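Here the chain labels run A, B, C and D in written order, and each chain numbers its own residues starting at 1.
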């Protein structure tokens, strides 16, 4: 069991290390992730949402729907824990 | 050989570190028999992925993505931060449900060791 | 116009429904079922409306918060997700109806409100996965549906349901982690999370190891989710120990949405040009699916527990979908997508019947079903129809999907997979026929006489969905042109260039 | 000439509807059984009503709906189909009466299931007969397999269940081969509709065609050619009316009928003879004829001996098909009804003996001919017919078969036919002599079977003689029309 775990983990490790070969270097300002979508967030966030904190702007506005999903996840987990642990009471 | 590898290694050392942490977490999830340790392994795995995301957002000379009065300042990419805020919540929720399950398992079986559970199930 | 907001309503409605259910349940438990039922039913109607609009005017785009993609999140509904949405909501409505009697007999009365809340959250999750056009959004909804599924599995009466739920949670989380990794790699390489945008940006990057490994991460993650053969280990226990209604939901809704996500990522994010020409992974995929088809069937033959047998049969049948996708030929992909509908209907029906046996007589083992057809004639007859469909006897629905996949395999010259499909039909016949023989042609004997003689067909609330699904097994076989009308434009649109 | 008509569909539907009615009236035995009888007459009337049309050269045709382009559910009642349909439906009438008598005398249980499955099986057999394309035929072929399984395991004993499993194992596996063949045909030609002269010409390499031919042959395992025969003797654990109508007529004839359809209407005579596949089929058939006859010799159980005799006789039909000459085709087609009438007489007689005396083995039948003279007389008529002696219709088949062998220039098959006749005599005459000329060990008060059983078996026996005297109406006429269409000597 442990041997198999080690083998599979190493395999995935090799895969991961192989994958990182083509990744843009750490802190590279030319990285595509920095120059496509993020560009607009940085330049327009203040105009679009009147928020200085870009993370907040994205979290609550551009991708606010993700945050709704995030809240749903917490809600789900809450009801799930309720379902699992609670005995008695009204719910 | 070393000369070509080393710069690459240094250029992306953050990613390689994340990978190593991921592997530690994954190994713990598969190989550890204790259910709590499995969940810890899961958390390590998830945290490593967060690290991976966050470090991808960094820019040389960048500052936190909060608008400053200095128009020349360079901001790091804010999007991975947002994604990871969401992912952290997801991870916490998963952990909560997992731990609740472990509590119930402990109540039902009196153990949280995987091999003992398997033995008890085989007996039934 | 409200109609323009249907794409988002289909997701938000059950979310609101879940809140309302929880609150109403706090006041009066009896309110929960009607609310859940009404929510899923309205959703189903909405989904039909969406599909008909898609068929008329082409894909629908809905920008959440009016932020244009790729900056905001976008919902895209084309023929494929319109189709999948209708299928899963159809099953959700029937499962909800079915759960009224079945779940009340299986879980503590006090947990009913929480059950329906989680049920609706699960529906939220799967609908969200179905309509979203944004990869990270897909991950979030995937987690919602998974968390709900873990909780529902743990509701089973036996304590082993807890362990199976835990295993499911661990495997599910690993799968989600890999998907998250895949998303991360794609984002780093391209800078976007929008699926359509990715499909546009990826082609010049096909040679990059980042993209290729992201692809492999998606495959690993979604293979765990859909329980592709070597990664199926969580599935039999999860199906076996969860309450009947939950098993139906897992087998016909949750597994289908996993396959949908796989198809979406394989064909819409990574284009056929990548998966067929760039890296020859589909060959491997086909072989894995073939192993799943045969292996699942062989393991199913060895089972003595009905639900567990059906669970292994799911492993095998899901293999058909993956084989259809893997062959990546027009006909085969059509067959694979058709199988999503057909398998949801057939397996939903069969698991409902297994639940009906548990409900009326507490029977779980195939061996105890001796002579049950005498006292539960309608249920047994529905089982025969659904089993015939699983085996692929014409003119049932199961036959048509196998027909298309086999034809696709012939067309692409992969004869071996035709043999696999045919051989698996035979294996499927073996394990289903065993059950039918016990139900119809065995004397109850002294051991089961009492149980069998007191068994009756289940109450209408359970029987009606069973019979609807059994009828659907035949109708979708005869009128196969109806689903094909939806599937074919998608398949030709996506594979037309190859 | 196609003439749109839903009469063939109606003929298939009547037994199916009757099956539902039987299920509804499961608690009223009298009403339930009258549905069977009513349906059998209605079906026969339905089939008969198509005869004048077909005699005049028309072919009632109905396409119900199209599943996919080139893939539809369609029915055509050509002369060829009517031969099989008329045989099944006319014998079903007699068999219904016989079944009721048999089940009453035998105190059978689960009768609702029995009559239900019987009706479904007849419906499926008619479906096989009337299907105008391979897919429709496949559907009904599979329904036939599934609906007869409950009849085989009717007794619900361990032996019956084992036989049932064997039955399914053979026939469902064969069904898979059939499905593969249908799939491949559809893939190669883009359609599955039957057409005289074949649809496969020039659609694939010779090797592919040979493979397809062999998978078709395996697919039609219902034709019980050796070595795919062993399900048939096992299936004899079923109640005798089932063995009589289904395992001597409907099911097994569906197999040979299917092979004939495929050879004439999918491959076409020219291609089969060009590839030498006729010779292959003829060899298989000859081997089966001889070996099954020899196996029949070794059986003491009367029904099993009859089963082996059936296997051997079915291959007469296959041999006729394989000769690919006009006379051979006539022999093959005419043997479908003729063998049915003779063999059902034999089974009816055997059933009467089993019900009245409980005896199943030939060695115990000493002197039974004196106790049940009419039954044994009819048995003798059937036996004489199978052996190919006048004045029973079996000789007509042998005559045409011999002609066909001469036409084809394959005199070896003459030898096969002759030696098989001798073997037939060898395995039938001991039964007759035991029954009539040996003294019973103990004298029991056995008498003739009840009229419900006696009359049907007398009718079939007399029919076998009448068919010798007047073969033209309707079967030989139908056969000549069918033969003309197949060989293309007139335009269809």
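By definition in this document, contacts are C-beta pairs under 8 Å (C-beta built on N, C-alpha and C of every residue); 3 or more make two chains touch, one makes a residue touch a chain.
Here the structure is a predicted model, which means the values were calculated and not measured.
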| item | value |
| --- | --- |
| Which of C-D and A-C has more C-beta contact pairs | A-C |
| Most distant chain from chain C, judged by the mean position of its C-alpha atoms | D |
| Geometric centre: closest chain by C-alpha means | C |
| Geometric centre distance via CA averages, chain C-chain A, whole Å | 26 |
| Geometric centre distance via CA averages, chain D-chain C, whole Å | 44 |
| Computed distance of Cα centres, chain B from chain A, in Å | 11 |
| Chain centre separation (chain A, chain D; CA means) in Å | 69 |
| Two or more partner chains touched - positions in chain C | 136, 140, 143, 147, 150-151, 154, 187-188 |
| Residues of chain B engaged with two or more neighbouring chains | 26, 56, 79-80, 83, 86, 90, 93-94, 97, 101, 104 |
| Multi-chain contact residues (two or more partners), chain D | none |
| Chains grouped in pairs wherever the two touch, ordered by label | A-B, A-C, B-C, C-D |
| Of all residues in chain C, those that touch chain B in their complex | 136, 139-140, 143, 147, 150-151, 154, 159-160, 162-163, 165-166, 169-170, 173-174, 176-177, 180-181, 184, 187-188 |
| Touching residues (chain side chain B, partner chain C) in the complex | 26, 29, 35, 38, 42, 45-46, 49, 52-53, 56, 79-80, 83, 86-87, 90, 93-94, 97-98, 101-102, 104-105, 108-109, 117, 121 |
| Residue ranges of chain D in contact with chain C within the complex | 65-68, 73, 113, 135, 138-139, 142, 146, 150, 153, 156, 161, 164-165, 168, 172-173, 176, 179-180, 183-184, 186-187 |
| Of chain A, residues touching chain B in the complex | 1-2, 4-6, 8-10, 12-13, 16-17, 20-21, 23, 25-29, 31, 33-34, 37-38, 41-42, 45-46, 52-55, 57-59, 63, 66-67, 69-70, 73-74, 76-77, 80-81, 84-85 |
| Residue ranges of chain C in contact with chain D within the complex | 388, 392-395, 400, 403, 406-407, 410-411, 418, 422-423, 425-426, 429, 433, 437, 440-443, 478, 480-481, 484 |
